[in-house]
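Pasting a structure here, questions to come.
Every chain is named by a letter (A, B and C) in the order it is written, and numbering of its residues begins at 1.
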Amino acid sequence: MPRPLTLNEDRLFPSDPATRAVARRLYGEVKTLPIISPHGHTDPEWFATNAAFSDATSLLLAPDHYLYRMLYSQGLALEELGVPSRLGGSQTDGRAAWRLFAANQHLFRGTPSAIWLAHVFSDVFGFDVALDAQTADLYFDQIGEALVTAAFRPRALFDRFNIELLATTESPSDDLQHHKAIRASDWKGRVVTAYRPDPVIDAEHEDFQSSLARFGDLTGQDVRTWAGYLQAHRMRRAAFAAMGATSTDHGHPTAATADLSPIQAEALFDKIVSGRFTPVEAELFRAQMLTEMAAMSLEDGLVMQIHPGSFRNHNARLFASHGRDRGADIPTPTGYVRDLKPLLDRFGNEAGLTLIVFTLDETAYSRELAPLAGHYPALRLGPAWWFHDSPEGMRRFREQTTETAGFYNTVGFNDDTRAFLSIPARHDMARRVDCGFLAKLVVEHRLAEDEASEVASDLAYNLAKQAYRL
Amino acid sequence: MPRPLTLNEDRLFPSDPATRAVARRLYGEVKTLPIISPHGHTDPEWFATNAAFSDATSLLLAPDHYLYRMLYSQGLALEELGVPSRLGGSQTDGRAAWRLFAANQHLFRGTPSAIWLAHVFSDVFGFDVALDAQTADLYFDQIGEALVTAAFRPRALFDRFNIELLATTESPSDDLQHHKAIRASDWKGRVVTAYRPDPVIDAEHEDFQSSLARFGDLTGQDVRTWAGYLQAHRMRRAAFAAMGATSTDHGHPTAATADLSPIQAEALFDKIVSGRFTPVEAELFRAQMLTEMAAMSLEDGLVMQIHPGSFRNHNARLFASHGRDRGADIPTPTGYVRDLKPLLDRFGNEAGLTLIVFTLDETAYSRELAPLAGHYPALRLGPAWWFHDSPEGMRRFREQTTETAGFYNTVGFNDDTRAFLSIPARHDMARRVDCGFLAKLVVEHRLAEDEASEVASDLAYNLAKQAYRL
Amino acid sequence: MPRPLTLNEDRLFPSDPATRAVARRLYGEVKTLPIISPHGHTDPEWFATNAAFSDATSLLLAPDHYLYRMLYSQGLALEELGVPSRLGGSQTDGRAAWRLFAANQHLFRGTPSAIWLAHVFSDVFGFDVALDAQTADLYFDQIGEALVTAAFRPRALFDRFNIELLATTESPSDDLQHHKAIRASDWKGRVVTAYRPDPVIDAEHEDFQSSLARFGDLTGQDVRTWAGYLQAHRMRRAAFAAMGATSTDHGHPTAATADLSPIQAEALFDKIVSGRFTPVEAELFRAQMLTEMAAMSLEDGLVMQIHPGSFRNHNARLFASHGRDRGADIPTPTGYVRDLKPLLDRFGNEAGLTLIVFTLDETAYSRELAPLAGHYPALRLGPAWWFHDSPEGMRRFREQTTETAGFYNTVGFNDDTRAFLSIPARHDMARRVDCGFLAKLVVEHRLAEDEASEVASDLAYNLAKQAYRL
């Protein structure tokens, strides 16, 4: 007999009855607020074309590195899981991959993936039995049948999910055709882009030279000169803003910033474009460009996000066979106090700039990030990110940042996901965990319940809108 | 209608009824113990002159960087908040500053400042409505009226707060006139000094040369020779001890110590006083001086405190306009294992030395500090400090140090504050959080309640007295 | 009147009644599972000779650095505690040492030692009064009387403790005579060895040259040549496997690995054996040897363990007087992402290799270790280790690793102890803490209870067996 699947109304709330009662009340007030998703990685083509998704494996498993990295860690091959390699799409039958996934659900016990999947299976698809080896085919078939219906087209799901705004992330060399198509359509869903210039800033990125060439083509600038390169950024930022962007995003290996003189910056740039640079120079250029981007943000009002500290493509063999973003990005110790100082020395006191900083190194929460955000007018703390976008991770974020930075130097929740169907699950988890945290403050008489209620709405909705200028 | 202000009797206790019941009982036994404040930054002039405090803003807001840094982080100017700049006192009307503060109380939700303020407002001033925009004037007026009464003079408050001993912190170049005046008076309050020689040890301090000159004047030593400089320290330490000091305090950027030969130390000193030194040499001199201070502590019995790891005056623009101690000191990663080794190699096995070490880098609690303090006879752990002097911060301190270092290698609570009126609130918070922690051990059968009761009194009172030799 | 000693049935479970009820049920299912102890430091001679232990001090206090380091940290001399020095056994009367220990039990409040001792005293020896100054002699006498009885011989205790397998740890230069004697005996207890080659790999170990000589003698290889040295490792690994070993263990100062070419490795080895090497070369050799060991593990199937990050013998004076392993090993910041990369680049994708990594630097749990173990097929996470083998330490381990690595990239519990009598207490603590953690997931509806029940058995028994290939 299959195991039942239900979503308990009290899930993720602390068990202590007094605390749970408060958490329930707080959550009741934010549960149905619209979703603001100011940072993520869904594909705008979905909403531009509104084409049906194809099957369970290619929708839910193959693109989700949270899922297949865990299976891979236990010895399953990516080829068996439908994950495309550098040679192209996997040859594996989607149903066979799904069965493997189903038979290994125990690996996800205690992980947020298990909670998100339960939400998607129960709430989005209506299953009432759990996924396992026995129900694998039932799931694969019923999901397949659902996906061809109108109700499961991307735009219908977007509307059903009560998403008020969804930001995607594009490279400067993207022509934004999908965003143009969305805007040109009669659909009213608000999907905006965000400016992610890493491919034209990170000289160590394998596509740097080709991205740069495309960057020049799109802007008509001579992007191999410093002035032309900066001007091209300004132009693409404006083009992104025209497609609704209110933010930029920077995924650097460290949080290093620099503040070179124009002459030094130009000389460095010349080395960078020449291809003859050292790793130290590539790092210095990334550092300098964060400060340049902050300067442009003060001009054009785009909110700036820094997502630092991931050692990308750590698994050399897997990078060779399958390329980037395959679950092998591993966090590293990340410093902010010295690294952000050059940028902060120039712009930290500007209340007109909003710089949202994230971390994968939790030791920085209480030691560096909360003290910095609790002082500098320009700084805000991004929510618990990536590996920490989880019940315990979010709880630690609040416990380690609130006492120094308060709630109002944080910016609400980011789902940061490419797994579109999990967006409601992720926001629901964040709201529940935040309400649980607030409830604890209430029952310990550290915050009045009416104040907690205001904070709950701010964390679930208002702060994201304000911080991202939506 | 204004929001009510009350202090719940169970505040800060865990919500679980069994745990809360034990916490209540433990707290009941320590609630009224006298306050020992062995380390802090109140102004001895208050107790020497016993002059009335002037108004709410200049007493509570303008000197408290916990409060104004949070307001500053949200874009309010220090000038509007009554915070003095390098040009002198703020021109802002105190009432206007207070209104701004009152209107932004939501920024402090979830912070210890909110809890301390509620205690001060309710317990010290007797308010029963919360501070907000509506009640700003009521607060400003009633606080102003109270402050001119005899009951709100510094000495009366000291007595009312049940303070058994309060230590202030002075520089070697301070003539201790206020401490002399306190001792010469007929008031029986016990206010002692502590020896904080940073200004004559840190060659990178902006006042180093002038402090050194005054240091020589006060001692009659040629403090530009190594022997005279050391002798001057001995003399000032003795003078401080005569004014009740039982401790020294050292606020260095790192925990680095050194153990140079006398010849090396003298050569280094010559560079330092000449003003021609590198940052590495300045750091080495600070490191050497910690070991010199430990040697003197073995002679004169003064307990030694190290408060390392703050990047002082991180905000360059604010330092230029407003000077030091303006809420822009940011913690950095701080190592102890290698840094303390030179000092510990010489004196770590001396049970006659007490060296109390603090941290702003919580990662050191379980990794370095608890193992070091759980081994070396000379070492003790200072309590959760500064950004961690908060419910969650104190809880993490106990959770991460107790299992390796026990309770008896810690030294009770330090309020470390310049906010005099918050001293009872801070000690009350520490007692409540410690009793909550102990209660958890009791209900999980990890500690018997009679033992927990002894520990509660030790943490609230006895350990501070013993460790600081009071 | 002496204080009572009892072991509460609910000890270490969360106090919240709903959570405790689930924890009780889960624990009820794993409580009596046999003990698998795949990594530890008991003395195989005990089981080879089955000689009676002598007295309380020499059995329980003198060999247990958890206990005497705490007493030492409060100013007691090791000589008074029966701890042997380099000059040989302590001259102290065992009873006098025991009395000192008994009179200072308050130092262990809140530590896991207190919980382990209570278990040993109550469950192994049957005491119903607590140890303190009053009961010191009662304890010393009754323990002494028990130890001469047949029921307290090592093999009888092993059987009574329900130990299915116990691994000890030996150096390559150990002739394994005790293991041979155990196997030759008619006793059925399963005691196996593990290969710990540090003394012949760490050129900075004070016994390196003599260990190397013995290594050559035992294998008949010319271990001063690179080829002979590697061959000697292969031979000793095989000899250890013949004595039941399924694992190797490596206790290095860092997690550094290297992947030199054979020519580079040989040149480095020549320097190492010559004794003319720099600290950097000694470190590089240790790093290279981890990769060599991994290569051999792929050949012979031995599971590989790395226990990095301890600064050994930090207390120079104590090392001079008392030698190593005297409670003065202090953790240091430990990186894994860059350090393990050379080894992982070669072998990380090999599902045939099992590499179990431990840490004393908890910051690596969520930042590095869980992401690495949640990706690489060869990697598994060892349990909370040494200073973290405690209720709070184990709880943090689960909270900080589970959401990224799941339960199935961890390997169950290791007691890692030389305190034989505490083995049941340690496993019981681990089972209780894990069941408490699982119960929290259940009552927060993050895991179904039937799944939690499976996980509880896996953590208590199955995972250790599987991971260590037992």
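Heads up, the rule we're going with is that a contact is a pair of C-beta atoms (placed from the backbone, for glycine too) under 8 Å apart; a residue touches a chain by one contact, two chains touch by 3 or more.
It should be emphasised that the depicted structure is a prediction, and the values quoted were computed from it without experimental measurement.
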Checklist entry - If you fit chain B onto chain C using only Cα atoms, how far does it have to rotate, to the nearest 5°? => result 120
Checklist entry - Same residues or different residues: which describes how chain A and chain B meet, taking over half shared numbers as same? => result different
Item to check | Between chain B and chain A, distance of the C-alpha-averaged centres to the nearest whole Å | outcome: 40
Checklist entry - Got the chain A residues that touch at least 2 other chains? => result 16, 333, 363
Item to check | In the complex, chain A residues that touch chain B | outcome: 16, 18-19, 333, 335, 337-338, 341, 344-345, 348-349, 351, 363, 366-368, 370-377, 379, 398-400, 402-409, 440-441, 443-448, 450-451, 454-455
Item to check | Complex contact set, residues of chain B against chain A | outcome: 3, 7-8, 10-16, 69-70, 72-75, 106-112, 114-115, 311, 314-318, 327-333, 360-363, 387-388, 390-393
